[in-house]
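Across the two complexes that follow, subunit A remains constant while its partner is subunit B and subsequently subunit C.
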Partner chain A sequence: MTSYPLLEVDGLRVALQRRGTAPTLLDGLSFAVAAGQCLGIVGESGCGKSLTLRATMGLLPAGVERTGGQIRLSHQADAAPTAVPAGQAAGRGLAMVFQDSHASLDPTTRVGAFVTDIVRRRTGASRAAARRRAVELLAAVGVPDPALRFHSYPHELSGGMRQRVAIALALATDPRVLLCDEPTTALDVTLQAEILLLLDAARAERGLGMVFVSHDIAVIRQIADVVAVMYAGQIIEAGPVADVLDRPRHPYTRALIDAVPTLEGPIGRFRPIAGAPARPGRLHPLLPLQGSLRPPGRGLLGRRARHRRARRRAPIGLHPLLLRPLAQRPLALRPRAGGHMSALIRVHSLVVDHPVRAGFLRRRRLRAVDGVDLELGRGEILGLVGESGCGKSTLARAIVGLATPTAGGVLLDGAPVPRRRPPGMRRRIQMIYQDPGSSLDPRRTVSQTLAEPLRRTVPAEKIAHRARELLEMVGLGERQAHALPRELSGGQRQRVAIARALAVEPEVLVADEAVAALDASVAGAVLNLLSDLRERLGLSVLFISHDLATVRGLCDRVAVMYLGSIVEEGPVARVFARPGHPYTRVLLDAVPSRDRRRSGTAGPGPGGLGGVGGVGRLGGEPPSPLDVPPGCRFHPRCPRAAARCGTSEPSEERRDGQRVWCHFAWRHEL
Partner chain B sequence: MPAGRLRFVAGRLLQVVPVLLALLLIVVLLQQLMPGDPARVIAGPRAGAEQVARVRHDLGLDQSTAGQFWTYLTHLSHGDLGRSNRTGIPISAIVGERAAVTVWLLAGGLLVSTLLAVPAALVMALRPRSVAARLCARSLTIILNCPPFWVGLMLASVLALRTGWLPVGGFGEDTGDRLRSMVLPSLTIGLAAMPLLARSGAASLRQVLAADHITTARSLGLSGWPLLRRHLLRNALPPAVTLLAVQAAALLFGAVIVEQTFGLPGLGAEMVNAASQRDFPVVQALTLIFGTAIIGINLLADLAVALLDPRTTWR
Partner chain C sequence: MTTPPPLLDSAVPVGSRAGRAFGWRRPAALALPALAVLAALLAPLLAPADPAQLTLDQLRPPSAAHLLGTDALGRDVLSRLLFALRTDLLLMVFAAGLPMLLGTLIGAVAGYRGGVLDAALRWAADIFQALPVYVLLIAFVFVLGPGTSSLLVAFSVLGWVVYARIIRTEVRRVRERDYVSAGYLLGLSHTAVLFRHVLPNALRQSLVYLATDMGMALQGIAVLSFFGLGVKAGTPELGTMVAEAQVFLRSHWWLAAFPGLTIVILGSSIAALGDRLGDRGESG
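Up next is the complex of A and B:
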């Protein structure tokens, strides 16, 4: 063990390039990483964590420059780190893995050729030797058939596979320290577990130093040894993971941890952080004021500042109007069992096909939804979970009327929904999309956006009043009414999207990954809002999410989807406590825990990461819906699969309102 | 070749068929749309009604449109484009003689515009704040606002008349003379096409430069020429190639003017002569040739884009 760290960052300062007083983005950041050690950096969006990695690499985006600090890198074991000039460490000791593997790999370069090129550049090996080394690297990161995949272009690979290739590229530079920028955020939980495992193994085998940036405390908990919490361009708390995450000293760290929903403990309201996160370029010393974490304004001693401080004492996340009835609302009132509620929406044997091109003139049908039966009760929140590509969004689109069913259909209030819905029927089911940044017109103010749907039903002179009411209902005020979407935070934008959906007084909201783009600290407030709206307006909500902990905290019932069909469905508390289907079990096990490190057996790394209790890990990725396996469609990946799973389709098994389609329902824990 | 790309190539080739047929139909209909009676023009002012009718019959103008279309197609398949009204020379012979001039002119123009546009685009995209980049941007604006015929005249008066190195017009006898007589026309055409190409190239480069995968390549230690060649150019080229093909029509139109200005015996000059003298068969044939050339150039560009971008697929 060397006594020197591999990487030392000392007093790193980064600012916008501007004449006069340039806004500071990173304010004197210092950290060090030793061989085989993983430093986790956690914080909300915009706190500067990704920028820290970019600055360390010397790859700052245009318009941003390093204004101070030193980066020192040790190139040999047992040598003190030496200062590296900006931009000289990338590919020469430092390598980086990015979040979005779709955008971060050159679409015109075959993956094998790319890895080979990097190997040759680094080692000067002959073409043949470099090719061999590249195939080895691809195999080492878990690319199946590396010799075959060698010739693939990135767009021909799945998301998980692309991220493996990105890791192989980084390892091809033979780095001392690997910088990871949210490498698993875009992936499903099952893949996330695999990629974390792979990174941890690489670190252990190669004695890499690692800096792992994530907004997800649970992921940091699993992979990091040391953690630094960032806020507004500064590290506000740092230390060993167990110390910082179990006994946080800074109130912000505490709030950040509490905001993350978990699979353990009692189900209660989400606990978002009040106030808006500090904007980049507007950094202030962090002064927690009465539990609120807004940085104080410039004129701290002025009257306006005092006034603002006083206002800040009220939790800003929710409007007082909404808050009042909630405080008295007993939790038990939530309708938890699905069966005896009157069904508002009934989906029966729904099939949705997408035509795809298979050969030159041959067309095939991709069965995105394959015979789904589902009910959504009045005033109920139903969660729909599953891996990407399992058909949950298509199912939602079919319910809203954006996708045409091939067979089966949707009953609304007992009446069949015709293929071409009359406007009055469309009004009753509204949708909220994942990215409010692109689902809102960037050139319309909030009030204009809200006026649009109101124009049909509300007399002109009452539109403004009604728009104000809607804004109030979602916890926004007069100030936001005249703002453009880009002037709002992500959470506020999603509130506007919800207000727009509510404008036509729908009975059902379909939320497709509605909080997936938001930080947990912000998402919680939006989720609480959805829950309150259900309470106040008697709305039914179909909540589609890949985040199981969120579903547990919000929903009454949950349906688990796999490859176009529902494999398990039932009340949240039961499904999460006693999953009947092995797939549900595996999904639950793949979720990293906020509060404890998984101590399993599968991980070779020192952390013993990725160990999964119960049944074990999923092998590989879901098969293509063009190629559905016979029998139980989950059997090729199922840890519990037996001979008959491959031949006969499992029938429904019921227990306490829980429905499971598995030959070994509830018997997979054996 | 990936299946998607193969499908694109096949689909794109098939798509040419209806477009070509439509072009042929327009060319045939052109005869009917033209002002005046072509038979009357050919027969001459002093011909009697009977004579005009005979000419009309000889030309096939008394047939139905479908019949005319079929006759034109069968003649075309034998390489027969008809004969000039004025001289009676087969049009195929005229084209054979004059096509080379226009092809060389366009090739020269393309060469000039590429040689000027690529460095300008690179400078503007890679060193946006440099003096050179600003100079490029300003000069592009100026060039863009100069009409080609004026540029041609200016080049002729400055480079040819003052120095006497280059001919002011005409097409020389031997190869050396001919090459020299191509220089000024090529420059004129190239300068006309260059600004848009340079600007779109710079925009496309800037977009790729900001892409995440370039950051990835940089994080792997790539920089300079390898980064440019492997990851930047290949991603930035497709939009520029497409634009160049779209500009082909403008280039051909430019050739008509430039050939007139410099007295080059090309297809463009012939087009102007034929049109002014109501030589309909020639106008018809040249329209067909120009149209086919534009279709062909666009086809080539799309195939080149498919070759550059592996994600290409037939929708």
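Up next is the complex of A and C:
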């Protein structure tokens, strides 16, 4: 073993180069990575995590430059690291895996050719030898049938498979240090566990140094040995994972950890960090941290933007804001787990097909939702979980009336809804979307957005007042009322989207991955808001998410969906404590823990990630809804599958308000 | 290099090469059309003489009395040029604006509704775009008879296709945004959603094209008028002026040169304005 670190970053400073000024984005970062070691970097969006990797790699975006510090890289074993000049790509020895595998692969090149090309450039091997090496690499990263996949284009591969190819590509350069920029963020938990295992194995086998950037503390906990916490372009705390995450010394680290929901421990409110993060270079990042963690009301809007608007518009006097229920509707009682209540929405044997093109002039029907029965009670929060592509979103769109059922239907308050819903009926069920960048009309200010739905029910002179009330209800103020969506943060935009939905006084909110694009802290605040609105207004919420820890913290009941069908449904506490379906078990096992490494972990150090995936690792990826397996649709991937699973469809089994569709319900624990 | 960048030296140009290039292109592309519009608006005040006034001072070269000379009927060329700008700019606005209006409506409805309507639009657009525009333009005006109204009809019938295509693509992109379905769920009708939320966010590309198209329309009008298919005889118009000057091309250069140059410079600077808008759209 060498005594030198592979990569040393010393006092790295990066600044935005703008006319006259040079705002600092990274302020004196120092870290080192040894062979076989993984450094995790955590922090919220905008703290400079990804920029750190780009600066190390020498791939800074235009207009951003390294203004100080040294990056030293050891090119050979047992050699002292040498400095990499600023403004030059580090090249040999470093490789990077990006979050978006779509963007990191060339869409017009077959993946095999791409890997072969990199191998040839690096080693100068003959075409045949490089091909063999490329196939080996694809096999090593777990691409099934590598010789066959060799000829695939990136778009023909699933997200998980593309990320594997991207890793093969990075390994093809035979790097000493692998830089990973949120490589699992865009993936389902099951795939995330697989990719983490793969990266950890690569590190152990090749003695790679690794820098792993993530906003997800649980992921860092699973893969890193050493962790650095970033805030506003600085490292504010660093050390061995166990020390920093178990006994954080900096209050920000503590708050960051607390904001992450978990599958363990008591269920309570989410614990977001107050205020908004300071922007690098705008404020001295450590000053506000000493007092209340964050500057009050700062960073919500750029200072300049606020001044500009203040000039443009005369100030509007603040009315005394009184919070009151939206409608004179009796508040529903919070439902007890397993208790019976009147169903507000009843979905019965719902089938939704999408027509898809399958070759020339051939059309097939893709069955996105296949015979779903589901009930949503008044004042209830129902979670709907499942991997991407399982039909969650289509089910949601059918419930709100954006997708037309092929068979079956939706009952609202006991009455069937027509195919084309009249406006009044549409308003009773509102939707909150995933992408905060797309849920608001970019040309309208917040108050204009809120005024539009109010115009039908509220007299003109009261609209402004009501809009302010709505904003207040979602925790926004006068300052945001005249902002355009692009001037708001993601969390603020989601709040506006919720306020807009509340403007028509709905009975049901359907939240489709509504917090998936937000930082844990910001998400926590939005989730608390949803929970409060349910209490105050008696709203029912259908909460669709792939994040099981969030569902556990928010929902009363949960339904697990697989390939268009519900496989398990019941009260959250029961389902999470004692899942009846093997798929639920597998999903739960795949969730990385915030507070500990998964059981079976050999402890920190190279190769110590044996436990990710736990009891039942999923084989392969979900089959396509175009090609549903016979019998139990989960059986090809099921760790418990027996012969009859492949032939007969399981029937419903009930126990204590929990419903499970499995031949081996509750009998999968081996 | 670890030397800090010069912070106070504002003379050092910072920014992209393109940004610096626009430094001169923007004023030029903006100033010329603005100047032309101003001149057209103020033509009655600026013109030294009545553009229709016949005199015996025929075919005089540029001089202090007649800055751009006089034509075969003794009319002041500068005055005619100024009034011709009025005709041409007004025609230009309609010759590009009417097709845009038509194309936007068709493209927006087809793009938003999709299905058969959308397929029909694509089919029609393919056919229209395969046809030779100028030949058809001339054929149309022949059939309808010369004059401004047939000119505008011809431009609209042939010009809507491109707008419909651009708008359709943009509408289909915007339609997928969440605020569109949110608007529908809030109780707006599809028509209201289309006109309030979809169309305003889909117009940008076609506005850029509109500017380019205006430059083309200006030249197109001049060409048709040159062939005698445009405005009523006697009306001051740039293309007609060039046509009338044809016989004197060798002996009396100013008759063709000034209206000709005006067409070329104005047409291309308006088109450049469109390019400039397009570039800005791309850079965000």
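FYI, the second predicted complex is superposed on the first by the 600 of 670 C-alpha atoms of A that agree within 3 Å, B and C clash if a C-alpha of one lies under 4 Å from a C-alpha of the other, contacts with A are read in each partner's own complex, and residues count from 1 in each chain.
To be clear about the criterion, contacts are C-beta pairs under 8 Å (C-beta built on N, C-alpha and C of every residue); 3 or more make two chains touch, one makes a residue touch a chain.
Owing to the predicted nature of the structure, the values given are computational and were not obtained by experimental measurement.
S.K.: Just checking: does A:173 make contact with subunit B only, subunit C only, both, or neither of them? Give me first, second, both or neither.
M.R.: first
S.K.: Of the partners subunit B and subunit C, which touch A:121 in the superposed model: first, second, both, neither?
M.R.: In the superposition, A:121 contacts subunit B only.
S.K.: Figure out whether A:500 sits in contact with subunit B (first) or subunit C (second), or with both, or with neither.
M.R.: In the superposed model, A:500 contacts subunit C only, not subunit B.
S.K.: Between subunit B (first) and subunit C (second), which does A:469 come into contact with in this model arrangement: first, second, both, or neither?
M.R.: In the superposed model, A:469 contacts neither subunit B nor subunit C.
S.K.: Quick check on the superposed pair: does A:456 touch subunit B, subunit C, both, or neither? Answer first, second, both or neither.
M.R.: So A:456 only meets subunit C here.
S.K.: A:62 in the overlay: touching subunit B, subunit C, both, or neither? Say first, second, both or neither.
M.R.: both
S.K.: Which one hits more subunit A residues, subunit B or subunit C?
M.R.: After superposing on chain A, more of subunit A is contacted by C.
S.K.: Kindly list the residues of subunit A that each of subunit B and subunit C touches, one partner per complex.
M.R.: In subunit A, residues 62 are touched by subunit B and also by subunit C.
S.K.: Can you name the residues of subunit A that touch subunit B in the complex?
M.R.: 57, 59, 62, 90-92, 94-96, 98, 100, 103-109, 117-118, 121-122, 153, 155-156, 166, 169-170, 172-173, 357, 359-360
S.K.: Taking the complex as given, what residues does subunit B use to touch subunit A?
M.R.: Per the stated touch rule, the residues are 2-3, 6-7, 10, 210-213, 215-222, 226, 230-231, 234-235, 308-311, 313-314.
S.K.: Could you list, by residue number, the parts of subunit A that touch subunit C in their complex?
M.R.: My answer: residues 15, 17-22, 62, 65, 67-69, 85-87, 400-402, 423-424, 426-427, 429-431, 433-435, 438-443, 452-453, 456, 497, 500-501, 503-504.
S.K.: Can you tell me which positions in subunit C touch subunit A when the two form their complex?
M.R.: Listed in rising order, the residues of subunit C that touch subunit A are 1-2, 4-5, 7-8, 10, 14-16, 177-179, 181-189, 196-197, 200-201.
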